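Some notes on the structure that comes next.
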Amino acid sequence: MTLKTEPFVLNVGPQHPSTHGVFRMRATLDGEVVVDIEPIFGYLHRGIEKLAEERTYTGVIPLTDRLDYLSSMANNLGYCLAVEKLAGIPVPERAQYIRVIMAELQRIASHLIAVGAFLNDCGAFMTPIVYMIREREKILDLFDMVCGQRLTYNYMRPGGVSQEIPDEFLPALDKFLKQMPGWIDEYDQLLKENEILLARSKGVGTLSQELAISISASGPVLRGSGIKWDIRRADPYSIYERFEFDIPTGTVGDCYDRYRVRVEEMRQSLRILEQARQQIPGGEFRSKVPHLIRPPVGETYAHIEAPKGELGFYLVSDNSIAPYRCHVRAPSLLNVTALRDLMIGWKIADLILIFGSMDICMGEIDR
Amino acid sequence: MTLALPVKDTAQRIGEHFADAVTEVTDGAVIVKSEALFQVAEYLKTNPDFDLNYLTHITAVDYFDYFEIIYQLTSLNNNHSLLLKTRCYDRDKPVVPSVVGLWRGADFQEREIYDLMGISFKGHPNLKRIVMWDGFDGHPLRKDYL
Amino acid sequence: MKFERYGIGIAKGLRVTFKHLFRRPVTVQYPEQKLHMSRRIRGNELIWDKDKCTGCATCAKTCPQGVIQVITSVDAVENKYVVEKFEVDTGYCISCGLCIEACPYEALYMGYAYERAKYRREDVIQTNEQLLPSADRLRSGYMYPEIAAQLPRQTLLLERITEEEE
Amino acid sequence: MMIFNPDPSSVRQMPTLAPDWPGGFWWHWLLFTVIIIAFVLLLVMGYIWLERRAMGRMQARLGPNRAGPFGLLQPVADALKVMLKEDIVPVNADKIVHLLAPIIAFAPVLIIFAVVPFANGALLADLNIGIVFVVAISSISTLGVFMAGWGSSNKYSLLGAMRNVASVVSYEIPVVLSIAGVVLITGSLSMNQIVLAQEIPFILLQPLGFLIFFIGGCAEINRSPFDLLEADSEIVAGFHTEYSGMKFAMFYLVEYAEALVISALITTLFLGGWRGPILPPWLWFLVKVMVVFFVMVWTRTTLPRVRIDQLMALAWKFLFPLALLNLFITGIEILAWPTAIAWLIPVNIAVMVILVLLWSKLFKLGWGRVEV
């Protein structure tokens, strides 16, 4: 006798503890097994691209803070690079270094949240994420010291940064650089070799190289699949060609690889930070830029390696004080394209895990 | 450094394969006819000289007279990139061939453009609104949407 | 997947959590225990220096949210603008600090205080006198290094933890 | 030292009543009912406090510290809050099933304590089939959980309930088999006799049995890493997603009361129950119970959650064969050397280590993906 079963539809999100925001997945399940899945977005759509068309070039920077709210500094940097490229604004040496320091600190902060949330999705009850948030808190303190905010920094400007870093910043950074490697090692001890984590995440949600390239994946998702592609190396922006660092890659492209790539990237970011700390020169922190920037007619695309992947800004100027068109190439949006392929056939528990390993920020997907 | 492919040469090579596909060559971009877009894109992707296997992003700009759809293509192996554009002069029913068949990454981006700019992509497997709700009136990113 | 490591990974993890049992927690018990905020904090209020303000409304033009409203009249005798109304709708303010940066006469400051929640919506809109600096409306050092130097040093979690461990 | 050789007469009698108690059976019954209810409720509060505090400290937090000294009154405050909450029944819910579920889940947990000895002979009913009684009753809670999952008409609840049923059905077997080893050594099913037999705590004589019982017990009561039925990152809150107010409090109570049951059983079966030097027996019992629970909290803080198929694989491929082997080896030992015991301790521990290592090599969790 065969039992007649039929699949049922389960709504995961928009209010669900581990959809990292207001993501929604309409999952069709056969028992515990995911048969089909459809991602649905739009719950956090604020129309940032449209809003940007009505603001001055400087006034868009607070909007970019709100794209991927876990890596505002990187967003600021990406946007400012685009405006500088468009308007031909030079950036002083010292400002370049400050920017690199901020961007790399931001990468560590963002990866801490990504790794912590991923481990929390595995079911390690709150512990990893609390540890990670503690470390992130130290970075946020540094950001707070520099720009007065903990989440929406609005620190970088076309032509430099808004303010000189305070005197106590560099000693604090030194302290952070001294402590952080030890903490990363300790968190590796916590769950890196844990049998249950290995059983849960090895071989789960394997993203093949072909698929990764086809879906335009970027960042740790792409590198987790074993493709050595990092914008900092492939197309060095700012002053990244001066630093030595490795590009960690995974081998198979499963959840575990993506998790390890993020942890290794934190280590590499620390290396960059050490070098930048040593080399930072004196001088101006901002070049002379008119209050209202009027770039010549034209268009440009500037991209950076944000923590989540390739963040690009496509700006079109019509020689007015506001961008004619400001398109954001959001890494999260492209990374979720493969969700359906990765999740089908796995259990509902893996669905959460694979989603967690993608490290998604809804502010960026919906914009 | 990611090398921007020289547009003139590229346009010429495209022209060799697809007569009058290229309508214009601007500073840094190759503009092709929207009818020939898919074939040109396929050629650029599969030809080993170009090998533009990575679609960095797609976007669309509303210039009132026409819509410009921009494809930023990158080759991960050769580390060069090309800006491919197409134009769409019909304002009421703009249609452009979809490139989802070549790059899966175009899926959500084309849906987004359809949603916000109102350009439909012929051949897209699941063309429906992505960020606005179904039944929303208008396309917010158009310049005449207020 | 095999249990090839015989539970060594699990044991390592258990060691880390057990070590934490004897570490000082990082919790700050907020209302009783307050940390010093950043000297450059962008607190949730704007402070306006009436004497320095010339009514040029650069701040209003810069504000991405359009929350600053400046109404001026012309003083023909002294040949300058007189500010009649300077209104900030802090409810819409995103604390980006662009107005402070833009002000050419150093007449606008961010507030140092951060506990400025209001019970009524109308209280959120602040006008003229409500915006002036006072004893409990300290100015923050955002964009003003000389003010920052007078404010207390920021408490860093980084230092709190190491000091306690030493 | 020798293996406890029960006196045939003491086994045959039914010591349900404490013979020297004034008033006899009924006083005994009343007193122990009160003691058990008070014990369970108080200790559950203690557990909640311990779990939240210990977990907080392990996570570099403080944990609750506002209500009362060290936050000791936090469970009381929670209980008050939860009682004042609105009682919500979903529109599509099967109302009777929905309402009955928490009660059905809670009652058996209390009943189990009837056979748990707090001191020598201090138990409500010294059934001569005590341990069988425990095994039989403890599974009934599952029914309540399943009713909750079914009656809520919520898909998350149903998923959680199904997971619970699956895990309890499979984990019952290794758990019972590991108990059988203890029973073999003791020669009695009575809980009191089992404690009396533990001159040496059985954790030393039955290390493998203890390991299996601990893992299986954790899985049965759904403590982490086996907390699949309320996996909060996956299925929101599992079977009690739709519960609020007092009904939720009942489930919360059940969760911790079950943890209490398992830690009391581990204490009784493997750690020598109330036995111990200097301190009074009931205190020893409490201390041991708390220590066992602390280990559970500790693992919960550290470990990620296993997946449902891995949970099943662990039960059937890892624990079940080991439990069978353990029973077999124990039987041989008892047949061959009924009196010698001291040198059996290192032998048993060695056997456990070898078996676990060997099985770790052989054992495979399987591949999680299903072709659809």
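By written order: A, B, C and D. Residues from 1 in each chain.
Here is the rule we go by: a residue touches a chain if its C-beta (ideal position, glycine included) is under 8 Å from a C-beta of that chain, and two chains touch if they have at least 3 such contacts.
Everything numeric here is computed off the predicted structure, so don't read it as measured data.
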Longest centre-to-centre distance from chain A, chain (CA-based): D
More contacts between chains, A-D or C-D: A-D
Chain C and chain D, separation of their C-alpha mean positions in angstrom: 52
Chain B and chain C: spacing of chain centres that average the CA atoms, whole Å: 44
Gap in Å, rounded to a whole number, between the CA centres of chain C and chain A: 25
Residues within chain D bordering two or more other chains: 58-61, 301-303, 365
Residue list for chain A, restricted to those that touch at least two other chains: 127, 134, 190-191, 194, 196-197, 199, 203
Per-residue multi-chain contacts in chain C, two or more chains: 1, 3, 7, 10, 13, 16-17, 26
Full enumeration of touching chain pairs: A-B, A-C, A-D, C-D
Of chain D, residues touching chain A in the complex: 55, 58-61, 155-156, 159, 162-163, 224-225, 227-228, 231-236, 300-310, 365, 367-372
Chain C to chain D touching residues, read off their complex: 1-4, 6-7, 10, 13-14, 16-18, 20-21, 23, 25-27, 29
Chain A-facing residues of chain B, complex: 1-2, 27, 53-57, 59, 61-62, 70, 72, 76, 79, 83, 103-109, 112, 116, 129-133, 140-141
Residue numbers on chain A that touch chain D, as the complex places them: 8, 10, 16-18, 30-35, 119-127, 130-131, 134, 190-191, 194, 196-197, 199-200, 203-204, 344-350, 352
Touch list for chain A against partner chain B, complex: 41-42, 45, 47, 49-50, 211, 213-217, 227, 229, 234-236, 298-299, 301, 303, 310, 312, 314, 316, 324-325, 327, 329, 333-334, 336-338, 366-367
